[in-house]
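After this come two complexes, each holding chain A, first together with chain B and then together with chain C.
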Partner chain A sequence: MGSELKIINGRVYDPINDIDGEIRDVCIRDGKIVESVADDAKVIDAAGKVVMPGGVDMHCHIAGHKVNLARKFQPEDHRHDVQPRVGALRSGTGGTVPSTFTTGYRYATLGYTTAMEAAVPPMGARHTLEELHDTPVVDKGFYLLLANNVCLNQLLEQGRHAEFRDAVAWWLNKSKAYAIKLVNPGGDEPWKGRKNSNVHDLDQPISGFDLTPRKIIKALIDVSNDLGLPHPAHIHCNNLGHSGNYATTLETMKTADGRRAHITHIQFHSYGGEVGKNPTSAARQIVDYINEHPNISADVGQVMFGKATIMTADAPLTWLLRNMSKDKWINADTECESGCGIIPFSYQEHVYTHAIQWAIGLELFLLSKDPWRMVLSTDHPNGGSFENYPRLIRLLMDKPFRDEQAKRANPKAIANTSLLDIDREFTMREIVIVTRAGPARLLGLENKGHLGVGADADITIYDEMEDKEAMFNAARYVIKGGELFIDNHEFRFDHEGSVYHVSPSYNPEIERVLKPFFEDYYSVQFENYPVSDHYIARGVTVPTGQSQP
Partner chain B sequence: MSEAKTIHNAVCTFCGCVCDDIELVVAPEGKSITRAGNACELGRAWFLEHRIEDYPVALVDGKEAGLEEAVDAAARILVEARFPAVYGLSDTTCEAQKEAVAIADFVNGNIDTTTSVCHGPSGMAFQGTGESTASLGEIKNRADFILYWGGNPVEAHPRHFERYSAKAKAAYLPGGRADRTIAMVDVRKTRSASEADIFLQVRPGSDFEVLWALRALVRGKYVDDSIEARTGISLETLQDLVERMKNCQFGVIFFGMGLSMTRGRHFNVSALLALATDLNAFTHFVANPVRGHGNVTGADNVVSWQTGYPFGVNFNRGYPRFNPGEFTTVDVLARGDADALLVIASDPAANFPRRAIEHLKTIPVITLDPKPTRTSQLARVAFTVAAYGINVPGTVYRMDNVALPLRPAFDSPYPCDEEILRAIKERVCELKGIGRREVA
Partner chain C sequence: MANRNEQGVWEHVPSPFCGIGSDDLKIRVSGSRIEVLENGDAVTREAFEQPLGETRPMISGKPVSLEEAVERAAAVLAEAELPLLAGLATDVAGMRAALSLADRLGAVVDNMNSRAAMRNILVLQDSGWMTTTLAEVKNRADLLLVVGTDVESLFPRFFQRHIWVDGMFVEAADREVVYLGKAPSGYASVSPDGRKPTVLACEDRDLPAVVSMLRLLVNDRPVGVDSVGGIEIQALKELAGRLKSANYGVIAWAAGALEWEHAELTVQITCEMIKDLNQRTRCSGLPLGGREGDQTATQVCGWQTGYPVRVRFSRGIPEYDPYLNATERLLEEGEVDALLWLSAYNSSRLPPRVGVPTVVLGRGGMNFDQPPEVYIPVGVPGIDHAGHTYRTDNVVAVRLFKLRDSGLPSSAQVLEAIERAVRAKLSS
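Right, the complex of A and B next:
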């Protein structure tokens, strides 16, 4: 296989470079997009096809301890959905938590070439990297859970801000993470240490600390910006899933105080109504705030009807859900760092709550004025598998289809939203923004999400079809790093994918603070805790340092 | 090498505790360890007794062979077999385990680990019931109530008390042992039991009944006092235990093979996991299996992430299927299904049931082990390998799923499991015409 490739006659969508459905050529050399290639370069004729950058999933759960627990937890979910071996491409199993190889192949089949694991406690970093290594094709990275870190909380409550910042930078380095993740800030201490209780208000003191969730949120938003991380603090707000939680979400966004912050799976945080009663839609309030505040971005966390797996560092939430379903439940605490809960789940059209969750997610997409800051996710596999993305795209692009689906769902729930009144249909350009260009930009991945000269040659080519679900279900060609992974719907070439991580600088003296803490609190030796380079076969260190306003 | 070398924070893989604070002093000649600071008696024996002995690197049909010849012979056995089985894996690195799963995938074989003969039932119970669990440091930090069920940590996991549980001093429990209540359930009074505050000696084979009665009491249901005649434990004792469990701040039940491999097996473990889950209505409560081999937990993890299932996995149809009892190695041997066996770091010929061993003797066997074993003596191809953790770096998972890096003390003249398995995999691919990067 030559390293030069030319895609001709395709309808190209590349919003970052203002190309909106023009017929033009795309040239590739040595894994990058270039101006031109030699005349004898291999040619792909994309006539009648749509050419766009590879998809970027900025929030999914695909690797690490919690994912692997969920994976081995549900043989019933794998059995009906097998992935046979094709030549050297490994076999595996699917379902809502596929095996690692299958995860990579199936993302690629949909045209996705980057996927970020969204929640890893630092102690689980080594395990996560081992799994990411076995997740082929896609480029990847992970976000580091720091909002329930006992050591960081102690530094924060003592007002040791410089050391807090150095400790955060140390942790990002030593675990080879990409961004800072907050989950239910401050909720672990009451959960683990105070008989399974939780925090519910941003200004409520956290038992065991002279701290509130708001102080933790503010500190981690600030440190993400101060360190100049490519992606800002990635926040799973308090009170996920509770009626009336939109107020907490608004407060969280206000806490950013104009600085950049990303609110994840915001659908789960956009509920009106009273605690303990049925939720109503607060999509309008949430979208209005985000439309007005360019420092805030979000991914939706759309719910899709059918099988899902709830897996989250928000353990108290899963205990609540478990007590409704009485189904099997996993709780897994990580010392000093995180909690975790897992339950099998199914979103059902006739259930009021599930139907309104589905409708609220769509409202968020459709009411948002800026698709660059309200991007697509299902919080795979929490709102449903990533394999639902084609259907979700059709829901956004096809009003008659959307209304027909809405009519099959709980009518009371749908009537409590504005969904049927919204006529908007996403254009192809907008789809490319919410699935590619937007997430790439929010992640600060300058070479992804577009097809300009110098970009990574991660490209998807779909047949142009009226039924957008069918169209996005299987790319005809997928080019990863300049090589054809899928050629005319067939796997051709294996590809490993790179791990993206950051390495902000810090004062090494911080280890004098951290080591004694480890000796008191941890069960592993301080020296054995950092993850060595050996766990990253192909790595990309994304630069940091430009402190953000 | 002339001076003694010290390895700090070395990781001991003798048991599932995977203590990572061992101070190893390597003899000046660089071929043995003279001191293993912080290690328990089992760990000391593991490190200090390790010698590089003069075995051939490989034997094929009992004759010394070169590595390449032996790799070729092994690959041919696997490719020619209709039902090749891969087994063992709990005493090797994750890096080697990955290669073993790949081989099973490429030869459409069977893969299974020693989990199927220890905590396999726990894995099945986990799939049915779920599990509330915690990393060992969380237990060390917070658990003021600790119950051991069907295990003898003092003798089998000698540092478990001191590092992770009963005797550990911790930030939230500065008094260590004095701040904790220790209970023990077993069929006999072991050395561990004599260190407990409360000891319940259950009648052998009645664990399930005791657990079910505890669940009923936790939920406020009626339990008849005939429970004592059935189990040997009085209703009053059970009620007292339940009150203690409900009223602690953070409770844990550690369970061993005394529960998973006795009458009731996965039903026992399911009952125990359900009990721990139920208790979360009152307080924070977790349950953890106490695993034996140094990296059996890594084997569960690797097989799970690569196939979706933890053990007992079969690729005969070109994709993974899971069925304990069908694809577990004892069963594929005893039924006579397997027609070749690749064994890594295990000795089934010494500890499998008789029918399984009889079949094993009739099929070509390949072994990888640092020392001769009963199985290697029966093998068509036997590799001598370097010992993981002593000579070989890599990754292992502690019994609570925490991954740790090995810090080997000195080099071995023998290759490691990973190298040999990768070579076999590559030879298998050559023989089967599977391109390494090109797919079609």
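Right, the complex of A and C next:
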């Protein structure tokens, strides 16, 4: 059978199943990993190579309204980096915000087979799914922006908690989303409501509502756990980028009160110092808290020197940063559900702030005691493109390389961190955890991130090399859903990938509450708002489990 | 989602024609005849209700089977050195298929409304902007300034749906409307309580100077003249003051209405003025468009190639050029040797008259002076087949429904068939 495959002689890393560099076989049938296959199965000889699960990017911006606006906005981002048409594959363009086909192909080239779009307003769900449809190879899903939703805010301020819960579940269902996303909770209202300002304290009242950011954060953390969602509330904290913001981040984590919560691109939220002055590193304070609180997980949001595109639902932040790069920028308010901003950006080694951001990200990785809960991301393309992952892996695995890079960066910034004092080098097992097993586990994707029997056959095979950047830059083989997508560095066929979403149950009576709100305030009919199944050609509904403590 | 009762009446029907995503139409379908019963307007009624027209494919004006027409279309395109796929008024699936075909052929793609769209795109790409969407207008806008556009002739229901309703943070009675440049052609901008809009009219040719002056006044710059384009400076000063005192001002324009050379510069001054205003209050731009699938075309082209429109695949990669890849220029300079014209919404948008072999995929009922080499009638998205389209504010994808059984293929189906035939030719 063509769908049977056996990988032999490879050095296998599979931390979920406690396999750490053993030479052993991996067998595949019908897209899944199995015990054994027939003798005439196709064989890949992986001698001298490393075999691991496909990469899982749990936080990136690859599809939807603001991503596409960022593409159309920056022709100069694409011109120098083209993706020629090859065989059955489509042409496209790269840069910091690649076209959809190119996004899929390039993730696959690096050995990544799953990527989650991290910020979608419900109204943008259809658009996002249209783009994900055209993003090949990878499995995917998206997180739903709910922390600045006027309707939900009203339910919350009126203390209607059961209805709030049902409304959140309704929205997740009707948008075909995977998880709940919070961005700068409560910050849209002061921004849109005249004063182009922001909230800065978790207990500061939000103009127009009898509500605080803390109440929104607590409510959405609770709902995520109560609904038993596979991934907990995914939180972009208030005060992103501000000096001294680590205190806000600590407060946000404390608000979880022992329940599960995920803090995203935490590097951007780990700054000491005073507002308006240069940041210092608060990586130690943040990591200490996370080390001691197993209910909290994070992805780093590493910045990498070079080009980036700031692209965020944190609209007031964009307004604040707009003149920093003396370049063009975009701000857009979005349908009472969100807002967004886009700025072309470049992180430069000699700039104090950029250098300390870079060093803080690395501190977070290296000081963390539990790689399962401090996983790899660059908040693509905010901290840099996902195409930087191989270099980031080398920075973690190779102390001399890291120190050499640090010495090129602003010395005052580096001296204000502990980076040069840290000797730790990540092992291959730890790299597999922060790029695969960890994100898969945090997402609650039980069939991803490992190579045990029953897992999805999403597998990467790299040549074993001393230079880890070169090694992770181009997988020799990539198997997606049991099919050999990249065979000896060559693309073999097109693969669509599946859309992962959740469908938590809710009391249908909630529509009686929502419908009048829509009729009064929305620009589409309530009947036309839900995303129908037509939008998902290949979908996987991930079951919601028991309510989490 | 839209549904049909026993009498063949559909409710909650979205209009693919109006650009602002009206999705509350009530429509009766009897056989192939369509009647808008409720919430229609001049634009949507005419577009929905036109007769089905010719449904047979033609080669040089003579009816043929769909297979023959597809085969000939593929031959015309495959034999060309540099084909142009233009018009591109279709839904998401149609645009996907058009881009796939262009990628395979090494063709150029351009949209029928891109001359207008470029006035916005050039500004977006040069300096960026601050914009908003229709629900924010409805819930927050206390001042609407319309620049150079007679909104109601292009978007008849804009005021009814988004201005003269009570929003979350502002009531209809508290909203003000000001026109700068063109005066309104009717009464849509008059409030339900009888307040007329303030109109500061001027000739199109003076509008660039008038908008520049308004920006100066917004920034409290000294001005040495008493009037500009026939408008008193005092009146512009008052307008600048109102923009600054509004809580959430919205400045709207339709690029298609700004018909003068380098109108993008006027759009740019407007957008920079909006940024200036946000130093002290909120103000946002609202570019109006979205008719004939133009936002759909730029969205899909954007995500598949990285560029909004005017993309060339002839070197095996997408290459964007806002000037070199323009339909008019390519045809005038004789750079392309075959044309595929796609107009699925509007039978009166005919292909440009050119001396190269032409394939037309069009809504039934197109009247050609000279029949094209191939004409394949295609269904209208939102009438003859389901589909997705983008409305003017680019954020909201609207799901369209199949309302009748005309048997017409979708543009995507025809384009996919042409691509299959092209592949067979190229590989043989």
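Heads up, the rule we're going with is that the second predicted complex is superposed on the first by the 546 of 549 C-alpha atoms of A that agree within 3 Å, B and C clash if a C-alpha of one lies under 4 Å from a C-alpha of the other, contacts with A are read in each partner's own complex, and residues count from 1 in each chain.
One rule holds in what follows: a contact is a pair of C-beta atoms (placed from the backbone, for glycine too) under 8 Å apart; a residue touches a chain by one contact, two chains touch by 3 or more.
Just so it is clear, the model here is predicted, and its values are computed rather than measured.
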(message) Let's test your reading of the overlay: on chain A, do chain B and chain C clash or fit side by side?
(response) clash
(request) Considering only the touch criterion stated at the top, classify A:522 as touching first (chain B), second (chain C), both, or neither. (result) both
(message) Between chain B and chain C, whom does A:88 touch in the aligned arrangement: first, second, both, or neither?
(response) first
(message) Quick check on the superposed pair: does A:98 touch chain B, chain C, both, or neither? Answer first, second, both or neither.
(response) both
(message) For A:292 in the superposed arrangement: first (chain B), second (chain C), both or neither?
(response) neither
(message) On the A-aligned overlay, A:494 touches which partner chain: chain B = first, chain C = second, or both, or neither?
(response) first
(message) On chain A, which stretch or stretches are contacted by chain B in one complex as well as by chain C in the other?
(response) 63, 65, 67-69, 71-75, 78-79, 82-85, 90-93, 95, 97-102, 123-124, 126-127, 130-131, 134, 192-196, 319, 328-336, 342, 520-525, 527-528, 532
(message) For the complex, give me every residue of chain C touching chain A.
(response) 1-3, 11-12, 14, 21, 23-24, 92, 96, 100, 103, 121, 124-136, 138-140, 161-162, 166-169, 247-248, 278, 281-282, 284, 298-300, 302-308, 313, 316-320, 386, 388, 390, 394-399
(message) With touch defined as at the start, can you tell me which chain A residues reach chain B in the complex?
(response) 63, 65, 67-69, 71-75, 78-79, 82-93, 95, 97-102, 123-124, 126-127, 130-131, 134, 191-196, 319, 328-336, 342-343, 490-494, 520-525, 527-528, 532
(request) Sort out for me which residues of chain B touch chain A in the complex. (result) 8-9, 11, 20-21, 94, 98, 102, 105-106, 123, 126-138, 140-142, 163-164, 170-172, 249-250, 277, 280, 282-284, 286, 300-301, 304-310, 315, 317-322, 395, 397, 401-405, 407, 429, 434-440
(request) Report the residues of chain A in contact with chain C in the complex, numbered from low to high. (result) 63, 65, 67-69, 71-75, 77-79, 82-85, 90-93, 95, 97-102, 121, 123-124, 126-127, 130-131, 134, 150, 192-196, 208, 319, 328-336, 342, 520-525, 527-528, 530, 532, 534
